[in-house]
């Protein structure tokens, strides 16, 4: 009976989807479940809206565009399996890369080995820069975030800062540069991803009476719980955040005045509103009839998509990944929804962070004290 | 302003009493049905999400919404017992345990699909925390949680010890066949136990929802910690569950508070305490030391 | 050697209840000794103490002169003391052959033996021989869970014999057995005695026990009552009081 | 297309070894140990650290991972083998949670959440790198076959029979003079060593490793495989590992479920399978129904 069984599964597998070739197919790996699903699904919806719009206006190289989404779950093992399926079954030439760094790092070796372009618009871990020749990053590296906040803290003359980090790759790279650039006293506390009870950590910090508190999460889920418990602990003092909390007004419900009172400052992408960006947000709103969250990430992702499409237009053949790779390395002062940037020899878009301050409803740019 | 030790003790008490509500349900089910119900955490989550529906979406007041949410979870608990656990009651305890693991994953996925992955809060209005005797800060929600836990625990113990129905439940948990011979209706006993434990879980869920906001995976974390509490106090013993929950609640807060254990390790504390106690007493704190032939 | 198995000043207390108190008795080599007493007299506890399943509070047990103090229970069988249980303990998922094989072959009990060439021929032979004697060879391939109560009793007895221990502690071998099967068990016990084995038997079936035992030890409430030949012990007033309570009238009318 | 199924099959092979080793300690010896993924994770991390920091190659790592997991298991066993039933289960589940937190926090050793990157592809006899999929699958198939043969011999040996007896009734085993503690400890150590080897193979295959290897989802996947395959049933577990890891975990991907429901869909498939098996075939779906 067992022999029969093995035979059956083999037949069943091979008979599956055969790739049709009239559409240009791209892959995308995003966390569609788990802690980061909120951000992942938002980016997915934006991509769907972009593709809808492009296909309505003639598509690319006179063919429609299609994006195949795979769930990376912020887990390297799952991301590798997803990349293998995209590369070997769907045979996509380009993968719009992982959201969290473990996803990108899990998928990168597969893309590199099969000469498939992988471009991430969010992952901040430094190790992505040397992950491979076909691996690109259209997002700032995590550590610049830590640097500008450290400089600003020194500028404000703060002596002692409490640093609360989530044990994930992006926050750790932010913490590394923050510690390198800030010479005042540090009181550090770490928490495991998914922690929901910060009361004890907050009581410990209040007992240390620091001048400021730098909350450094990977997922903004923990921001909402941490802030709620911070308000209930009647905290008062300067607040710093990394860029993951920017761009999602839902997070700031009923703590607007608390943030403003403690003049909350966060690192964020240097996202100057420009026509392309508003167009992206409008397309999202028409498609999903609600305003978009994580607007700065959507702008980045839109630029990554359009970089790829521009490269394909130039090479005339979407499967010529070497051609696309060379085009990308040659990108100089590309004007996109996330501003103008060029790509360096590591495949990074060399973007930088700027500081934004909470003005009652949103984190917005402000001129920093020199 | 306020003194750290008092604040930590209060945090420990709040965490401990919420954990006690969850652990009581677990130990009752083990006492009577002989297996650790893995999906108990999801009932806690359903209590919280029920509150979200009634209070936030339907706009009911807190108290009626709470009662409605608890009632729904109680019926759901009884319904689960009827369709999933009754048919396998005769089988060895591993079978219902594995079914409850499957049920746990199923409920998590359903919550994820219906309520979405993002964090949600039950009430928009914020709780103003107030200082108690100048020593520590507490919020009204925490206070109600501790009071509710004390009342419910005392009520449960009274119910089990004094009332006829309660004694029949204890008889069933002691020896199911014997109780059956003396005319105790096993099915109704099971309904009572699963209903009561689901109710306790829902109440804990509501307070947890106010205390820490809602997310689809909130059930897993609290139920694993409750497993540690129940085992630590030794399975099936009510005072063991309460003792275990309070020990873990205080250990988590005091050890992290005074830096004995770095806060990154806080989720491992329940199990460090558990394994420590099990080394000394292999059947939990209140367990009879296992004579070879007795067990 | 007078006392083959000697219990001296044995005491065991279970949270307040004196299960066994200051018990002394001996079992002569190659004898069949009955151990009787009303329910709850501590008979099975004595078995558990001899086989060190339970640790005694105080007192000693001597087997062929050596003390059994602080020996782990698994070593007791190697010394030559084997036992059966009040409720039958067979391995349900194993076949009868496997149940018996485990008792007699100790050679290949380590995991790296799985690579050595094994010849369990002699063990197989011993099993066939004893099944033949018990008349249950047809059960060899059956799963232990499918056996009837009587068959399980026989298989457990066979398993205990196969450990070829010198002294066998039988815990109610005749309980719930129909008369025809009782005959086989009786024959088996007499054969064991002939082949030089010693038996200590707990039994409530008085006629059967009186018939097979050379000597009877009676205990009640964990304390020693009397020891002697079956006929003598039967008459002992203390024993009757222990069993039947103080019903003097019944005593007069019954010719027990 | 075929290459993808070989890569899936390689993962299924690794999980077959883990499931079969768990089948030895949980299925055969009845050690209700929910923390078996600890040994899988320790083997993976041992191989990752030894390879990236000390330059041990693939074959050496297999041996060393087995050794390290085995020693950890012996210490672990001495502590936990006195526990029974649910106490053993929850204590070992707790140990797995502790292992995850330690792997997350011990930055010097495991680089914490950054994970360990750049583990070499497996290579055998010096420099033959087994890079792409087919030779990779063949190498892993060879290793898996030898390990499974060794396990099969164990299952059939008198020692295997002794373990099954201990699972049914410990006291009877003591009464016939068996050293049940040693047998159970060896069962745990052997199953841990094999899980360690599987961990090393996983690390070298994935070339990237992070603490999620100790996650609850891995524990549940392992229970699912052994429960479907049938406790103590050798071939059942091989088939169930391939069915679940090879086919079912990728099924939602193939049936183009709406992307947003992909993860939840897979969990629902697992949950349904778990509950259905327990209702109709508690002894695993590959063994003949009890007569």
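Labels A, B, C and D are assigned to the chains in the order they are written; within every chain, residues are numbered from 1.
We take it that a contact is a pair of C-beta atoms (placed from the backbone, for glycine too) under 8 Å apart; a residue touches a chain by one contact, two chains touch by 3 or more.
Because the structure is a prediction, the values reported are computed rather than measured.
When the C-beta pairs in contact are tallied for A-B and for B-D, the bigger tally goes to B-D.
The most distant chain from chain A, with centres taken as the mean of CA atoms, is C.
Central chain assignment: D. Criterion: smallest distance from chain C-alpha mean to the mean of all protein C-alpha atoms.
Per-chain CA centroids place chain A at a distance of 74 Å from chain C.
Distance from the chain A centre to the chain B centre is 37 Å, each centre being the mean of its Cα atoms. One inter-chain figure worth recording: chain B and chain D are separated by 31 Å, centre to centre, where each centre is the mean of the chain's CA atoms.
Averaging C-alpha coordinates per chain places the centre of chain B 48 Å away from that of chain C.
Listed for chain B are residues 112, 262, 264, 267, 292-293, each touching two or more other chains. Looking at chain C, one finds that residues 53, 73 touch two or more other chains. In chain A, the residues that reach two or more other chains under the touch definition are 33-34, 37, 41, 167, 190, 192. Of all residues in chain A, those touching chain B in their complex are 33-35, 37-38, 41, 167, 189-192, 194-197, 199-201, 203-204, 206-207, 221, 224-225, 228-229, 231-234, 250, 253-255. Taken together, the chain B residues at the contact with chain A in this complex read 1, 4, 7-8, 11, 15, 112, 116-119, 121, 124-127, 129, 137, 139, 211-213, 215, 217-218, 221, 252-253, 256-257, 259, 262-264, 266-267. Listing the residues of chain C that touch chain D in their complex gives 51, 53, 73-78, 82-83, 85, 89-94, 98-99, 101-103, 105-106, 108-111, 113-115, 118, 120, 159-160, 163. The touching residues of chain B, counted against chain D in their complex, run 30, 35-36, 84, 87-88, 91, 94-96, 98-99, 101-103, 105-106, 108-110, 112-113, 220, 224, 227-228, 230-231, 235, 262, 264-265, 267-268, 270-272, 274-275, 278-279, 282-284, 290, 292-293, 295. On chain A, the positions that touch chain D within their shared complex are 2, 5-6, 9, 12-14, 16-17, 32-34, 37, 41, 44, 69-71, 73, 75-77, 80-82, 84-85, 88-89, 102, 105-106, 109, 113, 125, 127, 167-169, 172, 190, 192-193.
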